[in-house]
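For clarity, chains are labelled A, B, C and D in written order, and residue numbers in each chain start from 1.
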Amino acid sequence: MKTVLLTGFEPFNGAAINPAWEAVRALEGWSGEDFRVEVRQLPCVFVDANRALADMVDALHPDVVIAVGQAGGRAEISVERVAINVDDASILDNAGRQPVDQAIAEEGPAAYFTNLPIKAMVAAMREAGLRAGVSQTAGTFVCNHVFYGLMRHVAASGRNVKAGFIHVPYLPEQAEARDDAPPSMALEAIVSSIRIAVETAVRVERDVAQAGGATH
Amino acid sequence: MKTVLLTGFEPFNGAAINPAWEAVRALEGWSGEDFRVEVRQLPCVFVDANRALADMVDALHPDVVIAVGQAGGRAEISVERVAINVDDASILDNAGRQPVDQAIAEEGPAAYFTNLPIKAMVAAMREAGLRAGVSQTAGTFVCNHVFYGLMRHVAASGRNVKAGFIHVPYLPEQAEARDDAPPSMALEAIVSSIRIAVETAVRVERDVAQAGGATH
Amino acid sequence: MKTVLLTGFEPFNGAAINPAWEAVRALEGWSGEDFRVEVRQLPCVFVDANRALADMVDALHPDVVIAVGQAGGRAEISVERVAINVDDASILDNAGRQPVDQAIAEEGPAAYFTNLPIKAMVAAMREAGLRAGVSQTAGTFVCNHVFYGLMRHVAASGRNVKAGFIHVPYLPEQAEARDDAPPSMALEAIVSSIRIAVETAVRVERDVAQAGGATH
Amino acid sequence: MKTVLLTGFEPFNGAAINPAWEAVRALEGWSGEDFRVEVRQLPCVFVDANRALADMVDALHPDVVIAVGQAGGRAEISVERVAINVDDASILDNAGRQPVDQAIAEEGPAAYFTNLPIKAMVAAMREAGLRAGVSQTAGTFVCNHVFYGLMRHVAASGRNVKAGFIHVPYLPEQAEARDDAPPSMALEAIVSSIRIAVETAVRVERDVAQAGGATH
């Protein structure tokens, strides 16, 4: 029986909800034939979020970790490819911090690639009629910070853990309240995408080779 | 007297022109008080482009190298922050190659950060009324490939070379010929941006600390 | 037994296919309990397209007419609300014409609203998990030209005909061949949307009142 | 001496500022050789805004009226071509009203085209290095409502008044506070655009014929 840790962020930047947490919490108690899911919330705070996630990983010994965050303005589920070693915040985090061009880990590598089967995950989501794609950047805010910290913690642990990050669009109710009409996705579709992500991550040992890049 | 090497790609994906090359060639023979510019074209071909650029660097011993490429669909001058160690082509290069999820350098680091003063460059462009921003991804096609190869070659050389990559929008004539109405920028504005990039790169030793990140 | 006329444009602007025609032709011979569908292709040519469509309407006496066109760059099925009385072409039509700021009908009204139940159509598409929305502009190219001509012809006929226009995204194969990575939609999803549009148009006499506007 | 009436909306949807009003107020007291400018604020309220604007027009007898509104998410100055006869609010106005699919004027035409020289205005803005374009839709919220009401009032007056509507992007401080990173424009650039719009509207009697349409 494998253990899957799913995390979602608390709301940030003054918002009342975070679709990442809404989707993740909907999967509390979910289990499959050969896996069970543990659900946790992360604070949207630099450093603190990484400490919290490291503690969760150390306590639960998960086989798969998928952190989920909101990407307001994106139209599809974004399965992230790479985390980079820099914090550069355009807005404040929930503790009022706004680091600019600071390394996440002074001695760390410039980046970590996820070891999730991201092409297979995207393919499975698309087969289910969901809008999804590989993303080449998780930004430079708390999401990338957590993604980098997660990959670094897993690498340091020496354990065989698949880990990565997924960005999700606004919910329709968030989009409708804004005057610039950003794209959105229904909560059920986001939840379905996370389910497929988990099932694919548990099942697929070796990712498929199919194009998922960007020209720029 | 410093030497600045500027490169622009040949047209690709069946296009007749490439705004990167049009802008770079317009600066042929340009020099400042303390620098002169060398202008070269690169083939839009994986591996070959990197060999060509490495040869140019070895021959010219430049103090600054800025490679310029087209980012069709982007609205502003994008000063790239980071190159990642992967080729994942969604279209064919000019030699008909389409690598998928292959490392650029098997033993290379996951990524290289540019050492250009990208925040100062963006700030100077904006002061001049030009639309510009820091970009967190150069994609996974030949542009990122060249950017990664450039940073790796420079790092291996042990010389003090500032190097990086700038993506530019379509020209108006390219945008007008398309039915999906992508954003564009006049050639003069692109050329002005590259000029400012060069002058800033020559002049600024230590980049300014101002936010230029993305939440996702 | 009601008759539904579905039209799709031929490819234009040098393209090899048009998703509108691909979707419409897939419904050839389709019929429901109380309707049958007639499928026709329209030339992407100002004036000629309107003459062809008027002839089709006069010959078939349809109860519902839905013209379908490609909207490259849009991410969702766009059910158009209004056609305006102007041609202003940013690209050439298939006969090499490029009218600028010319009235479609010198004595015609400034605009026609569709009389299709567009809110019910969008709601039904969304319930089926398809990305759809009401659009407030069909542009000023051949699509708007045909939409305006259709509404004018139907109004002049004095018959009770529901008529309107739907814009559809690129197909994935179109998007993948472009270097600016526009959004796209699978052909099956586009076909499903057109099916739902037809069924809703045949069934719903009075449109539902639910917000579908834009702040700008 | 001609009189130009410039209006800008108060902030709406919970925002603290509105770039339209900030730009318009900056031009208070401005005059040229052959014109002087009157500046007024409009409430972001259906019906009330139109009554207020009609009163201003009746009191000032302007030769040119340009109403300015915010278009959050747009990247350029949008000179609007057409106002349509429908209110369809996706958010509440400042009086808590949210009309859905209601005619602005029961007996009014489906649409009014602006009689401003919009192509000349856009050309002049672009020559000045400003990002601008013709827009084919002013939406279905209070902006379109005011634009439609303005054109209807002017048409009913029988006087020779040039009138129209301009949408402007977010200010940088608005964009920076949001987590979906919408485009923005500096206040000085927006003010410059409005200046050029006024000067062109006062000077140009017959608009230039140059393409400014959209394929969809």
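Following the convention adopted for this analysis, contacts are C-beta pairs under 8 Å (C-beta built on N, C-alpha and C of every residue); 3 or more make two chains touch, one makes a residue touch a chain.
Quantities reported herein were computed from a predicted structural model and do not represent experimental measurements.
Asks: Which of the two pairs, B-D or A-D, is linked by more C-beta contacts?
Replies: A-D
Asks: How many Å are there between the centre of chain A and the centre of chain B, using C-alpha atoms for each centre?
Replies: Those two chain centres are 29 Å apart.
Asks: Express in whole angstrom the distance between the two chain centres, defined as the mean CA positions of chain A and chain D.
Replies: The mean C-alpha positions of chain A and chain D differ by 41 Å.
Asks: Could you say which residues in chain D touch two or more other chains, in rising order?
Replies: Answer for chain D, listing residues that touch two or more other chains: 13, 70, 72-73, 90-91, 176, 179-181, 211, 214-216.
Asks: Quick check of your reading of the touch definition: is the inter-chain graph here a line, ring, star, complete or other?
Replies: complete
Asks: For the complex, give me every residue of chain B touching chain D.
Replies: Chain B residues touching chain D: 75, 129, 131, 176, 179-181, 183, 189, 211, 214-216.
Asks: Residues of chain A touching chain B in their complex?
Replies: Checking each residue of chain A against chain B gives 13, 69-74, 78, 81-82, 84-91, 98, 100-101, 109-113, 119, 134, 136-141, 143, 167, 207, 209-216.
Asks: Looking at the complex, which residues from chain D come into contact with chain A?
Replies: Where chain D meets chain A, its residues are 12-13, 15, 70, 72-73, 90-91, 170, 176-182.
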